[in-house]
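Take a look at the structures listed below.
You will see chain A twice below: alongside chain B first, and alongside chain C after that.
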Partner chain A sequence: MTAKLRQFFVKIGNGCRQWLAHIGDWFKALPARFAVRWHTFCDFLKNANGKVAASCLVMGLGQLLYHQWAKGLIFLAVQAAMVLFFVFVGAKGLVGLFTLGTVEGNAWYGIEGDNSVIMLLLGILSVIALVLYAVVYTANIRDVYRTQSAYDCLKTPPTFRKELSSLLDRNFYKVALALPILGVCVFCVLPIIFMILIAFTNYGGTVVPPRLIDWVGLDNFGKILTLSDFAPTFFRIFGWNILWAVMSTFINYFAGLGLALLLNRKCVKGKVFWRLFPILAYAVPGFITLIGFKFMFSYGGPINYYITQSGGSAVGFLDIDAKWSSRLIGLGVNAWLCIPSSMLLATGILSNLNTDLYEAARVDGAGNWKQFTKITLPYVLFATMPVLISQFIGNFNNFGIFYFLRGGLYLDGYFLASDTDLLINWLYNMSIDNNYYSIGAAISIVIFIVTSVISLTVYVLSPSYRQEDTYQ
Partner chain B sequence: MKKTIAALSVHIVVVIVLICCVGLLGGTSGGEGQEKFTGELERNVTLRILENDTAIKQGYLKELLDAFNEQYAQYGIRAVDANMDQYTDLANDGPYGYGPDVLYQANDALMKYVDNKHIMPLPVEQLDCYNSVDEQSWQAYTRQVDDQSYVFGVPVNIQGPLLYYRKDLLPDNWQQSWDDDGDGVCDIVQYWTDMYRYSKQLQQGNLLTDSGAKRFGYMRSFMEPYFSVGYLYSYGGYTFGDNNTNPRDIGHSKGDSAKGAWVMRQLASVMDKRCIDDTVTVTAYSALASGEYFATVTTPDVYTTFVTEMKNAGYSDEFIEENLVTADMPKLPVSGDLEDESQGFVESRMMGGIQGYAISSYTKYPNAALAFVDFATSYRLIMRRNQLLGIVPARTDVAAEVGGLSEIICNNLSQGNIVVMPSISEVAQIWTPLQTFFQDLAKDPFRPDDSMDFKYDTLDKIQQRLKEVDEQIYSAIFTLA
Partner chain C sequence: MKKIIKHPRRLLGVALTYIILLAVAFVFLFPILWLVLASFSKSGSIYSFKGFFPTDYSFDTFVRLFTDTDMYNYPRWFANTLFIAVMSSLLGTFLTILTAYCMSRFRFKSRKALMKTTLLLGMFPSFMTMTAVYLLCTQFNLINQHWGLILIYAAGAPMGYLTQKGFFDTISVSVDEAARIDGANNFQIFVKITLPLAKPMIVYTLLSSFVWPWSDFILPKLLLKNKDLYTVAVGLMSLDDTEFSRFAAGSVFIALPIVIFYFALSKFLISGLSAGAVKQ
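Take a look at the complex of A and B:
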């Protein structure tokens, strides 16, 4: 047992070392890469002619001087659009990102004032626009420099039509990815950056628009760690959260796999019929199932009805004293909701498993358990590791289970939380019920860091990463 | 090379200067405020009115809008249903132009908008209802802002708990055995001590209804602070000091409030464990109709639900009218012990609320909106509201005219037996700590069933726990503020 444990930790150590080595290599190569870039830039400065300089001054001017009218006008138009954007929105947004507003609104007198939240959003949007502007500006210089190089080598630069057609051929990926990248920037990157920045402000409580929000640095993280009410709650909930995520992922995964293996056996008759039941449980919306379970385990629910009818005393399965029974019920209800999806996943993967492997194992004298641990499990784990990690993250952030089963309790020793709340429930209590948005954002960052570290570590250690070519 | 470097530098400098100049010069200007209620009606405008769902479903809102639109047609003022969720959040919608012009919500919901000036202070003395509304009701909508006192809403409807009971389920001989004061009203519905004694009798007698369900006397979930915190108030407890305006003074543990909690614990012991969670809240209507419960406490607006359930149980309209009775809350013993009447009785004080109208600060037509509020709170419309929706009017003249429950509740409010929910935003922090405590307390008599010791078997322990609840609320309000 000790040897196995040691082996396990050695494995973790080796995995982490390999991963860190990759990162180290990347950083080691940085100076060389930078030197090459610097050299190219110096060459550019040395060789660039007046037309290139014109494009450096005003986007598209160099192209126009080379009689590349369409391209030149497009770059010029982009420059004009950017100038207009920064004059009307962007510049104010960038300045607002630092100040978060200077004039407080007063709706009684129709004074609109600054809305710090909108200013923060506009500020981020302006930074993204500024980065995009820098990218287009660089592309403009590269383009005109390429044209100059072509003329210097007595070659004819490609026509605008030719360059356009290359966007549908050699450079098609740029066209295909442009819109998704823009979408990701606006709908994904922007909210994430917004949430991260909120963690460094005093947004929340009474400080909500029209009141002005301020930057407070790392104060919110300091509060999480140092406030006497806050830190113990954080660590208590964090400990339970880890236990919950590990336990629920383990139960759901292996129970799903077990069910799939059971229903995969030749001796089981009416497989379709049996598979229907878990799928039915899966088909019912989760929150309805949770409300149903809450009622079932309540004092007036059917379980207590039968207990009292048979002469017993009603049991408070989910009441104030029921820490561990509530936690176990939570695990059970979560299993009820999640096992069907694990079962379906495992069923699909098992159908692709080569049965000759089992035949060969049987010939070699391997029993059922050996076949499971040496063939089935490695194969299924290899194929489902990313899903397993996403299930772990899903369980770590499983908001619904305890919100519906046992919400509305603040217990002794917990600040705005109960002994079954997960970090995500605590986050909700603070940010939605109590308006402490900035603290909520700080906790979100902590959750993000924890789940990322665990997920990355598990993934790097998994066969899916280490032996990617094994099954290809 | 120099040309390129110069061009690059000029471009970068121009971009930075442009951003700095435009960014710094283009800031928002403060502007001068102007008085909005000038008395001059805006013409040819449409007002969006947010009412509650019951008023919409029962057709009251349509009547109100039609009547208003007819009267103000000459000014081109039209009021329409805002067609929004009744709990819509003005703070989120108003600044962006999506909120209603006039809102009808409870005082705690409306007054939270005062913090950031989302609703306007009103010149209420100009309104028709001003002298007809009790001072207590106006207090619920009064707040100090910038060292000046303002009124932000116009009270319409008083909410307060009432006792609902089945007269036909009173003991047959109640005139002889349960009317010690000889006032012709059964003591069971007048004194909590008798209600407790009667409930205990039913519990010990193990009596069953015709359908075989166990019969209970009083039954009510203790989980909801709105209905439970009144027991603490009755013995000197309070939520916030300075007439519910000072969140730094939290007083659920003040006075002899532990006695109120002791009363609750005793009442829980004559119910069953269902009083710990909220399952009895939803079944109370049918359970009262089936005779399983003799009495419960809830708000006046659900009277029709009880009637519907009794009709479903096969009772005639005449029977229901005679036997489904609503009454004032029973009196509590001064001793705080439901088995000791020797020290006399005190009135029950319960938490209540006042629903009313407020005007959004974002309305473009404040004078027209004020005219609407004035119209909707006039004697005629409040009377109509009472007839159609069964509300308890905040206008004392209408309450006196209607009589019955409306008068009882109005009197309770003016005598201080209905304590209006605090109208400050910090009230949001009291519910969960109190709910947790009340569940804990309601469970206490049943703890030996689960092989656990009592947690609250003395007043001192209750007092200590109440102090902790107050501290919990205090830290919820101020720790992260």
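Take a look at the complex of A and C:
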């Protein structure tokens, strides 16, 4: 036993060392990589001709001088659009990002002041536009330089049509990824950047537009860690949050896998029929189940009905003082909600597993348990490691369970929270119900740091990352 | 059958398997059965129930659900939810499959960086950014607009591409290589080979990206202020405690389409896919 335990820790240690070595190698390679870049850049300065310089000055000009009309006009149009954008919106946005408004609005005097929040958003948008512009600008110079090099070597550069057709082949990913990336940038990245910036302002409480908002540096983080209002609550909730995430992920994942394996056994007749029940549970929207379970454990609910019928007195399963019973109910309800989907996933993965392997294992005399630990588990873990991580994060930030089961409960010893609340519930209580926007944003950054450190470590240590091509 | 009876240990194993299956079936079925029964209850309040079972049964609640629409316009909510969920599921699946395919099959310079970035972005709790999304929506005039919700759901969908990528990773690349020798470009390979092979995964993606907007309550609650634009989730949450059976009846109706949906498509979901492909 101790030998096994020691082996386990040695393995973790090795993994960490490998990871650190990985990072170290990256940094070690940095100067060399930079030198290569610098060398190419010097070559570029030496060799570039007038047409390339023209493109550096105005995007697309060099291409036009090379008689590449279509490409040149496209670059020129982008350039024109960018200039117009910055003249009318962008410049103001960039300044506003620093000042967050200078004129305070006053309805009494009829002054329409600056709205700091809107200015912040516009500022972020302008920075994103600036980055995009830089990307297109470099692409433009690279393109014209490539054309020049082709002519220098007495070759003809690829025609515009050929370049377009490469977008369906070698560069297909550029076309395919453009739309998803744009969507993610606008609806995920932009709000996230906004929230991060909010964490460094005094936005919230009484400081909301039309009052002006200011940058306050790290004050909010200091408040969470030191202020007697926030700190004890934070650490209590944090401990429970970690425990909850680990336990619920473990239960859901292995119960789902177990169920899938059970249904995959040869002796089970009517697989479709048995699978029907978890699927039913999966199909019922979560909030209905949660409200349903709340009713089930309430004072007037069926469970207390049977308790009182048999002579007992009603139990407040989700009451203010029912710390552990509510926590256990939460775990159970979460398992009920999540096992079906993890079973479905495991079934899909298993159906893709090559059955010849088992045949071979059986010929070699491997028992069921050995087949499970040597074939099934490594394969399933490999295929689902990313999902496992996202399940962990999903559970870490599982808002619904305790919002519905025990929402709106504020206990003594906690600041605007209860002993079942996760960080995410606390965040909700603070920022949506009580307007502590900047503190809420700071908490969410803490949540982010914790989850990202944990899951990146697991991901880098996992076989899916290290041997991506093993199973192909 | 004869074979099984000859081995008592195996018989025990089979019996145990079925006992566990029965227990699992009961655990998953019972709460749903309870809600379905409650929807047929004559009185609306939970306090009139005898344990899990209503005292009297009738169809009244369902009739009221669809006719008594002055206060709670359930048919309208239902249509809204259907529209939002279908649209965002189609759009979201399209984006997700594209992303997953590219991440699995192409090796380009910024690939690892992109993968790590999405992983990092996924760690931000989604409604931590709600205030920001709300402000953005006021800027783009997406408040009280179903399209606003659809765009937000669909745009967020590619972030969950990892499951699909894991799936594409397990499809052998030898088929692709064979097609490339025959002169197909990547676009043709994607459309003609990868997509048909990935049918089970597409169905999984469609289903899972349908379920999310179908049952989400946070975003609609934040963005839909007009009662006629409500989705079922927000609408049902606005019901008070004495309307328990109306809540149960309404719930039965939202669960129904997903169940039907699943059973219509279940064979895609379960059946193995690499049957006709090259074996590893």
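What we mean here is this: the second predicted complex is superposed on the first by the 350 of 472 C-alpha atoms of A that agree within 3 Å, B and C clash if a C-alpha of one lies under 4 Å from a C-alpha of the other, contacts with A are read in each partner's own complex, and residues count from 1 in each chain.
The criterion applied here is as follows: contacts are C-beta pairs under 8 Å (C-beta built on N, C-alpha and C of every residue); 3 or more make two chains touch, one makes a residue touch a chain.
Since the model is a prediction, treat every value here as computed from it, not as a measurement.
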Give one of first, second, both or neither to describe whether A:G300 is in contact with chain B, with chain C, with both, or with none. both
Decide which partner touches more residues of chain A, taking chain B and chain C as the two options. C
Just checking: does A:V95 make contact with chain B only, chain C only, both, or neither of them? Give me first, second, both or neither. first
Touching A:R265, do we find chain B (first), chain C (second), both, or neither? second
Is A:I111 contacted by the first partner chain B, the second partner chain C, both or neither? first
Once the shared chain is lined up, is A:D364 touching chain B (first), chain C (second), both, or neither of them? neither
Just chain B (first), just chain C (second), both, or neither: which does A:F277 touch? second
If you stack the two complexes on chain A, which partner ends up touching A:V103: first (chain B), second (chain C), both, or neither? first
Which parts of chain A are in contact with chain B and also with chain C? 295, 298, 300-301
With touch defined as at the start, can you tell me which chain A residues reach chain B in the complex? 44-46, 48, 50, 52-54, 56-58, 83, 86-87, 90-96, 101-103, 105-115, 133, 137, 204-206, 208-211, 223, 227, 229-230, 295, 298-301, 304, 313-316, 318-321, 408-412, 415-416, 418, 430, 433-434, 436, 439
Residue numbers of chain C touching chain A in their complex, please. 4, 10, 13-14, 17-18, 20-21, 24-25, 27-29, 31-32, 34-35, 46-47, 49-52, 95-96, 98-99, 101-102, 106, 108, 116, 118-133, 135-136, 139, 151-152, 154-156, 158-160, 162-163, 165-167, 169-170, 172-173, 185-188, 190, 200-201, 204, 208, 211, 214-215, 217-218, 233, 236-237, 244, 247, 251, 254-255, 258-259, 262, 266, 269-274, 279-280
In the complex, go through chain B and note every residue touching chain A. 1, 3-8, 10-11, 15, 18-24, 26-34, 36, 91, 94-95, 115-118, 120-121, 272-274, 276-277, 279-280, 283, 361-362, 425, 428-429, 432-433, 435-436, 439-440, 443, 446-447, 449-450, 452, 468, 472, 475-476, 479-481
Using the touch definition up top, name the residues of chain A that touch chain C in the complex. 117-118, 121, 165, 168-170, 172-173, 176-177, 179-180, 183-184, 186-192, 194-195, 198, 259, 262-263, 265, 267-268, 272, 274-275, 277-289, 291-293, 295-296, 298, 300-302, 305-306, 309, 336, 340-341, 344-345, 347-349, 351-352, 354, 356, 383-387, 389-390, 393, 397, 399, 424, 427-428, 431-432, 437, 440-441, 444, 447-448, 451-452, 455-456, 459, 464, 468, 471-472
